[in-house]
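Below, chain A partners chain B and then partners chain C, in two separate complexes.
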Partner chain A sequence: MSSDIDILPSRTASIAEAGRAGGPMKCGKVSVAGSVSQRACVFCGSRVVLYPIADALHVVHGPIGCAAYTWDIRGAQSSGPQLFRNSFSTDLQELDVIYGGEKKLERALLELIAKHQPKAAFVYSTCIVGLIGDDVSAVCKRVAAATSIPVLSVASEGFKGTKKDGYRAACEALYKLIGTGDAAGISKHSINLMGDFNIAGESWVICEYFERMGVEVVATITGDGRVDAIRRCHGARLNLVQCSGSMTHLAKKMEAEHGIPLKRVSFFGIEDMAAALYETAKFFGSEELMERARAVVSEEVAKIFPQLRAWRADLEGKKAAIYVGGAFKAFSLVRALRTIGMTTAVVGTQTGDADDYNQLREMCDPGTIIVDDSNPLELAKFCLEQDIDLFIGGVKERPIAYKLGIGFCDHNHERKECLAGFVGMLNFAREVHATVMSPVWNYVPRRARRMPNAECRTANDRGEEAVA
Partner chain B sequence: MSCSSCKPSLPGPALVNEGDEHPEFPSSSTNPCKLCTPLGACLAFKGIAGTVPLLHGSQGCATYIRRYMISHFREPVDIASSNFSEDSAVFGGRKNLHTALENVTRQYKPAMVGVATTCLSETMGENMPMLLGEYRAEATQEGQPALVHVSTPSFKGTHAEGFHAAVRAIVETLAAPRSTLERLAPIALMPGMVSPADLRHLRDLVSWWGVPATFVPDYSETLDGGSWSNYERMPSGGTSLDEIRALGSARATIECGLVLAGEKSTAGTHLAAKFGVRLHRLGLPIGLRQTDLFCGAMEEAANAVIPERVERERGRLIDAYVDAHKYLSGRKAIVYGEEDLVASLAVFLAEIGVWPVLCAAGGRSGRLESAILGAAPELKGRIEVREGSDFGEIETQIAELKPDLLIGSSKGYKLARSLGLPLVRCGFPVHDRIGSQRIQMLGYTGTLQLFDCIVNALLEKKQEDSEIGYSYL
Partner chain C sequence: MLDGTTAEVVERKALRINAAKTCQPIGAMYAALGIHSCMPHSHGSQGCCSYHRSHLTRHFKEPVMATTSSFTEGASVFGGMANLTQSLKNIFSIYNPEVVAVHTTCLSEVIGDDIPTIVRKSKEEGSIPDGKVVIHANTPSFVGSHVYGFANMVSGMVNYLAEKTGTTLNQVNVIPGYVEPADMREIKRLAAAMGVNIVMFPDTSNVLDGPLTGQYKMYPEGGATVAQIKSSGDSIATLALGHFASHVPAATLESKCNVPAAFMELPIGVGPTDRFVDALRSYGGVEVPASVDLERGRLVDLMSDLSQYFHGKRVAVSGDPDQVIALTQLLLELEMKPVYCITGSPGNQFEKRMHELLDGPVPDAKIKQNADLFELHQWMKQAPVDLLITNTYGKYIARVENVPFVRFGFPILDRAAHRFFPTVGYAGAINLINQMLNAILDKKDRECAEEWFELVQ
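Moving on to the complex of A and B:
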C-alpha cells in the first residue's frame, strides 16, 4: 500500500535502503526543526542513564516540567532503595529566573539530603539553568562539604546538543565517583555491566548467568545501581558495555585511566546473549569459564527452544519495523526477529552513527528501509509501504502502529517486561506472538480491506494451537 | 494557603529563613502535582481542527509532552519543535522557528499552527509576535496556516494555566465581529481540561436544547478517534477555524472552571469585552448543583427550558445519591490535581456526604479555597485547602487525616498503595489504566459514572477487608 506522505527534502539523506548503492547516511546531527523528531534532549540522555542509581538523590534544577515528565516512568527496578523513583525538583519560579536559583538549589539539596539520607546526589541542569548562569558546580561543592556525600553536577541543559551529549554528561558525572571506593578483594574474573538498566530485572537475569560461569559482577552501574558499588567498580577487570551509545564514553575513560578494557555486547536475543558470555570467557582466557559458559547457553537454550519453535511456525515470514534509541539494540533485534522467522523491513534509530548504519545496510535484507532520527509521518509511511505486521519501538511509536492496525512490542525503558537474556528472548517472542497473532487485526479497517485478497486464515486459531 | 480553622498541628508551608528572596515558595518539590504550562497549551491546540502544536524551545519539551499525552490518550500526538541548539540560545531562535514553521506546513499542511513558548525561549525574551509576523511576511509556500501564539513559560503557572492561556489566545486571535451572513448564533463553550468522553457527553447534553455550540477546544475526536486505514496527519475532528471566527456573534459564553472564574482575562472575558457576548462563569458541571447551574445557563442562553430527557437524567442521579448515601456518609477523601478539577470535585463530594478533608492542587491561583467555599459553603472550617502542593506534602498530612479514599490522577497511586487506600482515577494523567480518555464526570450522566466508581471503590475495599467476604451487600 502506498501513502501520500512526502519526505521533507532536508530529511532524504537520512534514509537509505539495504542492498541499494548510496553514499553514507546523514546522521548524528541535531534534528531538523519542525520535523517532529522522536528524540528528546540532552537532559533526557543524562536522566535515563543515571535514573536507576537507586540510593542516590536525583534533583532536577529547573522549572517543574523536566522533573514531572521523568517521575517514575521507567521499568528500572531496584533490589533495595526506592529513592530514585521519586521526583525532586527546584521547581524554579519566575523570581528564581530573575534573581538566580543558586540559593534555592542549595537549600533544596540540604533539606532533601537531610531528609532522605542518600549515598550521593546528582543535580541535573535544565535549559534555563544554562541561561540564567547558576553556578551549579559551586553549589554542589558547598553542599558536598556540608553533608559529606558526593554531590555531582550533571551538565544536562536541554539545548546544548542531542541526547548523546546527555549520555556524555552523565558519564562525566559518574566518572567523578569511580575510583573513590576500596577495590580490595575483587576477583580476577570480574566485570562491570554498563548500559543495562535493569528494566524488569534484566540485570539480575544477566548477573545470574555470569555468576553461574564464575564471573564476579562488581557493579551493574546503571541497573539496580548503588553508589558504593560504582565507587569501587574500577577494581573490575573488564567492562561489558551494552547500550553502547550511552556508556562507551565512560568505558573509554576507565580504559584510559584505570586500564580496564571494554567489550561492546548485547544481551538481547539468543545469539548476542551467548556471544556476550563466550566473549567474556575468551577475554579471561579460561577454558573452565568457557566450559561453564557453554553449559549455561545450552541449558538456557534448551529451556526456551521448543516454545520458540512453536511460535516461529506462526510468525514465519511476518514483517517488522524497528525504531529504537541505539543501534546496538537494533542489530540484536534484527537477529532476534530472524530467530522467530520474521524479517525486518524497516529499521531506524535515534542515535546511530555512520558505522552503525553501514552495518545495518549489510545485515538487513535488500529493500529494508534504514532511517536515522525519523518522525511519525515517515514511520507511518514506511509501515504502510512495507505492509508491516509488527512495530518494535517505544510509547511514542505505539499509536502509529495501533492506529494503522499493526502489532506492537515495547522495547523501550518504560516497558515492564524482561526482554534480555535467554528468558528475555522467550518473553520477547511471547510478546511478539501475542500482538501479531491477535484476532483484533481482523477488524481494523486497514486489514479488513485487504482480507479478501490475502489468504486470511484467522490469526487466533493458529495462535492458540501454538500456545497450547 | 490554609483555611481559617485549620488544625495547628498540620504542617504549614515549608519554613523559610529571613533574607530569602521569595519566601512564599518552598525550596523544592517532591513528586509534583502539576505539569508544565506548554503541555496544557498543546492539549488545547489539539482540539482545533487541522492544528499542529509547535513548541518554541528544546526538542525534549515536545517529546516529553508527546510521550506524556500519548500514554494517557493512547492516540498519536504530534507536536513539532523549533529544536533549539546552543546557537539559537545565543543568537535567538528566529531561524529555527521559521524552519520549523516551514517544515510543519510542508509536512502536515495544517489549517493552523499553535505556537507555544517554553521556559527557554521565554527566558531569552524571544519576541514572538515579531518573529511570527516576519515569517508571515516572508513565507512563499502556498496555503499558509493560521498562526496562534501563546506565551507559556513553564516557570509560571501549571499545565492548567497553559491550557486556559491557549484557549484565550485562540479566541483572541481568531474571533471576528458579527458577520453579515445570517446564521444561528452559537453558544461558545469553554469546557476546561476535561476528557474526550466528557466533551462528547457535554456536546450531546447541549444539543438537546436545540442550539449549536462551539467548543473551544474540542479534542473529543482528535484524542479519542477510531482506527485508521491510512495515516491521518492531523486526526479528524476538532473545532474548525471558521467556527471560532464566528464566535464574535455567539449568543452567550459558558466558561467552566470555578478557579478560572476569578481570572481577569480569559477567552470568555475577551468575547464579553470585545463583542458583548454574555458570559456565564461556572464550575465544571460535576454533581447536581454545578450541573443545575450549567443547565440554568443553557436555559438562559438557548431561551428554552430544560429538556425532559435531561430532567430524567437529573432524577436518576438523585436516585443514585439516595441509594448509596449510607455507604458514603461521613467518609473522608483526599482530592488532588489541577485547581478547577479539585474545586468542582470538592463541591460534588460535599453534596454526597463525603468530606474532602484535603483539597490539594499544584497551581497557585490564590483562589482555590474561596472557589470551593463559594460553591459549597457547608465545607467552611471542615477542610484543608492547599495550593502549590505536591505529593510529598500530601504524604506528610495523610496519616493524620485518615482518609478513606483518594481521588485524582494515577500519580497518587504510590501513596494509595502504601496506605492501602482505594484510588478513584480521574483527571490527567491516568497512566496505569486503559480508558483514561473515556473517564466521565460531567453532567448528570457523567457524574453518575464517577459516583458509581466512588461508591464501588469503597464497597470493594470494605469487601476486601472483611474476614467474612460477603458476596451480597
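Moving on to the complex of A and C:
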C-alpha cells in the first residue's frame, strides 16, 4: 500500500534504507523549524535523567508549564522516599521576569529544604532563566552553604540544544556529587548501573541478577536512586551504561577522572541481557562469576522459553515499526523482535548519531526504512507503505498507531510493565502478542480484510497451558 | 507520597507545590485544534511544543498535531524571526493546512518577537500561499494560566477572522469555553434540538474524539471552519460560556463587529443550563421543545431520587475557574456543601462569584484563586470532606485521605471516558451525579461494617 504523503525536502537526508547505498545520515541537529517534531528539549533531557533520584529535592525554576508537564509522568519507582513525585516550582510571574527570580528561588529552596530535609537538591533552569538574568549557580551556592546539603544547578534551558544536551547537563550536575562519599568496603566485583530509570521496577530486576552472580551494585543511576549511593559510586570497579544517550557522558568522565572503565550494555531482550551478564563476568576475569552468570541465564531462559515459543508461532513474520529516543534501545528492540519471530520494517530514533545509524543499516533486513527525528506524517506514511502490524514508540505515537489500526507497545517512560531482563522479554512478548493479535483489529477497515478472524488467539491459549 | 502534607498552613511566598494550573500556550494549542484544518504553531523551543502535545495526547488519547519554531541559541540572541518565517514556509508547503495558529511561549515573549510583523513579512515574501490564513495570540507563560491562553487564542480567531458584512444572519455564536469535545458536541446537540442555528468556535468535537478508521488524517473532519468564524461577525448575538475562557473573545467580537455578547456561565447544573437554554430560546427566537423539557425533567427526577445521598455532604473542589463556578451551583442544587473551592488560575472574578454563591448556604467555605493542590490538601487535613472533585492530580490526595474521588476538568490523564460523557447540559449533570453517587457508595460498600452492607440502596 502506498500513501500520498510527501517528505519535506530538507528531511530526505535524514532518511535511509537498509541494504541500499547512501551518504551519511543527517542527524543530531535541532528539528527543522516548522516540522511536527516528536522531540523534546534540553530541560526534558535533564529532568528525565535526574528525577528518579528519590531522596533529592527537585525544583523547577521558571514559569509553571515546565513543572506541570513533568509532574510524576514517568513510572520511575522508588523503594523508599516519594518526595520526588511532588511538583515544586517557582511559578515565575511577570514581575519576576522583569526584576529577576533569584530571591524567589532562594526562598523556595530554603523553605523546602527545611521542611523535607532532602539529601541534595537539583534546580532546573527553564527557557527564560538566563535571559532574565538569574544567576542560578550563585543561588545554589548560597543555599548549599546555609543548609549544608549539595544544591546543584542544572543548566537545562530548553533552547540550548537538544535533549542530548539535557542529558549532558544532568551528567554534569551528577558529577558534582560523585566522589564526595566514603567508598570504603566496596567489593572488588562491583558495578554501577547507569542509564536505567527503574521504570516499572526494572532496576530491581537487573540488580537481582547481578546479586545472584555475586556482583555488588554500588549505585543505580538514577533508577530508585539515592544521593548517598551516588556520592560513593566512584568506588565501583565498572560502570555498566545502558541507554546510549543519557549517561555516556558521565561514565566517560568517571573513566577519565576515577579510572573506572565503562561498558555499554542493554538489558532488553534475551540476547542483550545475557551478554550484559557475561561481559561483566568476563571483565572481572572470574570463572566463578561466569559460571554463576551462565546459571542465571539458563534458569531464567528456561522459565520463559515455552511461553515465548507459543507466542512466536502467532507473531512469525509480522512487521514492526520502532520509533524511540535512543539508538541503543532500537538495537535491542530489533533483536528482541527477532526473538519472537517479527521483523523490523521501520526504525527511527530521536537522538541517534551517524555511527548508530550505520549499525542499524547493517543489522536490519534490506528494505528497512531508517529515519532520524521523524514526524507523525512521515511515520504514518512509512507504516502504511510497509504494512506494519506493530508500532513501538512513546506517548505521542500511540494514538496515531491506533488510528491506523496498528497494534502498539509503549517502550518509553510511560510503559507500565517491566520490559527489562528475562522476565521483561516475556512481558514484552505478552504485550506485543496482546496488541498485535487483538480482536479489535477485526473491526478496522484497512486490516479487517486480512485477519483470519476466529483463529487469532489459539496459539496464545496453547502457550498458557505450556507454562502452567 | 503526599503524606508529607501537614495540616498546619505556612505562608508560602515563593513556591508552588502541586499546581492546579499550567501555562498559557497549551490552552492556545487546544483552542486552535478547534478550527478545521488548522495547524497550531508553537513559537519557541521544541520542548514546549512536545510537552503540550504529549499532555493533550494523554488527556484526549488522540493524536495532537502542532509545529514548533525549534528555537536555538541564535534565536535567543537575534530573535525568532528567521525561525518563524522558515516555519510558515515549511508548514504550508508540506502539511498544507488552511490555517496556521501561532502562539508564543515564555521564551519568545521575553525575547519580544513581534508576531504580526513577522507574519506580514512572510506574506509579502510569498511564504504564505494565497487563500491561506495565519492567526496569532500572545500567550506568555508567566501570566495567567492555560485558561487565559485558550481565551487569547479565541480572541485571536475573532481579531483575524470575524467580519461584518452588514447583513445579519439567522445564527447565534457560542463560545463554549475550555471544555471537552463531548461538551461541545452536547452544546451542538442541545441547540439543534431547539432548532437554533449556532456557530461555535472553537469546536474540538470530531477533532479530538475521532473514530478509528484505519487511516491517519492530519486534519480530522471537525472544527469550526474559517468561513463559519468569519460569519460570526454577522450573527445575532454571542453566548459566551465562562468568564475566564470566553468573555474576552465575546467582548472583542462585540466591539469589532457589534455583535451583542451575552456573558454567561458554563451550563453545568440545572440553573446554569436553564439560563443557557433560555438564552438560546430568546436569541434564537424559538420555543423550548418538549424533548428538552423531558431531558430536564429526567434530571430533576434523578436529583429527587438521590437527594438523601448528597444532602449535607462536604465537598472539596479544584479546577479551572469557569468549571468550579458552574459545578458549585450543581453541588448546591443537590444540597451538598462545597466547603473548599480552589482554582489554580489567578483572577478576582473567581472569588467574587464564589462568595456570592456560597456566603449564604456555606458561610464557612474556603475559597481561593491562584491556589494549589498542596494547600487544598492541607485544608482537608484540618477538617475532612466526603467527596473530592478535581482533575487527575487529586488522586494523590484521594488516596492518602481515602476520600471518594471524581475526576473532572483538565487534565485527566488516567481515565478515558471523559471524551464521551459531557458535563454540560442536563445530560452532563446526570453524568456528574452518576459519578458522584458511585464514588460515595462504592466506598461505603467496600468499607462499611457487615451489618450496614446493603443490597438495596
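As a working rule, the second predicted complex is superposed on the first by the 448 of 468 C-alpha atoms of A that agree within 3 Å, B and C clash if a C-alpha of one lies under 4 Å from a C-alpha of the other, contacts with A are read in each partner's own complex, and residues count from 1 in each chain.
The working rule: a residue touches a chain if its C-beta (ideal position, glycine included) is under 8 Å from a C-beta of that chain, and two chains touch if they have at least 3 such contacts.
Every value quoted in this text rests on a predicted model; they were computed, and no experiment measured them.
Bringing the complexes onto one copy of chain A puts chain B in a clash with chain C.
Of the two partner chains placed by the overlay, only chain C lies in contact with A:83; chain B stays clear of it.
Once chain A of one complex is fitted onto chain A of the other, the partner contacts of A:67 extend to both chain B and chain C. Contact with neither chain B nor chain C is seen for A:175 once the two complexes are overlaid on the shared chain. Of the two partner chains, neither chain B nor chain C is touched by A:283. In the superposition on chain A, A:399 makes contact with both chain B and chain C. In the superposition on chain A, contact of A:99 is made with chain B only, not with chain C.
Contacts of A:39 after superposition: both chain B and chain C are touched.
When the two complexes are laid over each other on chain A, chain A has residues 6, 8, 10, 30-44, 62-71, 73, 85-94, 96-97, 103-104, 107-108, 111-112, 126-128, 131-132, 158-161, 376-377, 380, 384, 395-396, 398-400, 402-405, 444-446 in contact with both chain B and chain C. Touching chain A in their complex are the following residues of chain B: 14, 20-22, 25, 27-32, 34-36, 38-39, 54, 57-68, 70-71, 74-86, 88-89, 96-97, 99-104, 106-108, 118-120, 123-124, 153-156, 158, 227-233, 362, 392, 411, 414, 431. On chain C, the positions that touch chain A within their shared complex are 1-2, 4, 10, 12-19, 21-26, 41, 44-55, 57-58, 61-73, 75-76, 82-84, 86-91, 93-95, 105-107, 110-111, 140-143, 145, 210, 212-218, 374, 393, 396, 413. Those residues of chain A whose C-beta lies close enough to touch chain C in the complex are 6-8, 10, 30-44, 62-71, 73, 82-83, 85-94, 96-97, 103-108, 111-112, 115-116, 126-128, 131-132, 158-161, 376-377, 380, 384, 395-396, 398-400, 402-405, 444-447. Those residues of chain A that touch chain B in the complex are listed here as 3-6, 8, 10, 30-44, 59, 62-73, 85-97, 99, 103-104, 107-108, 111-112, 126-128, 130-132, 158-162, 376-377, 380-381, 384, 394-396, 398-400, 402-405, 444-446, 449.
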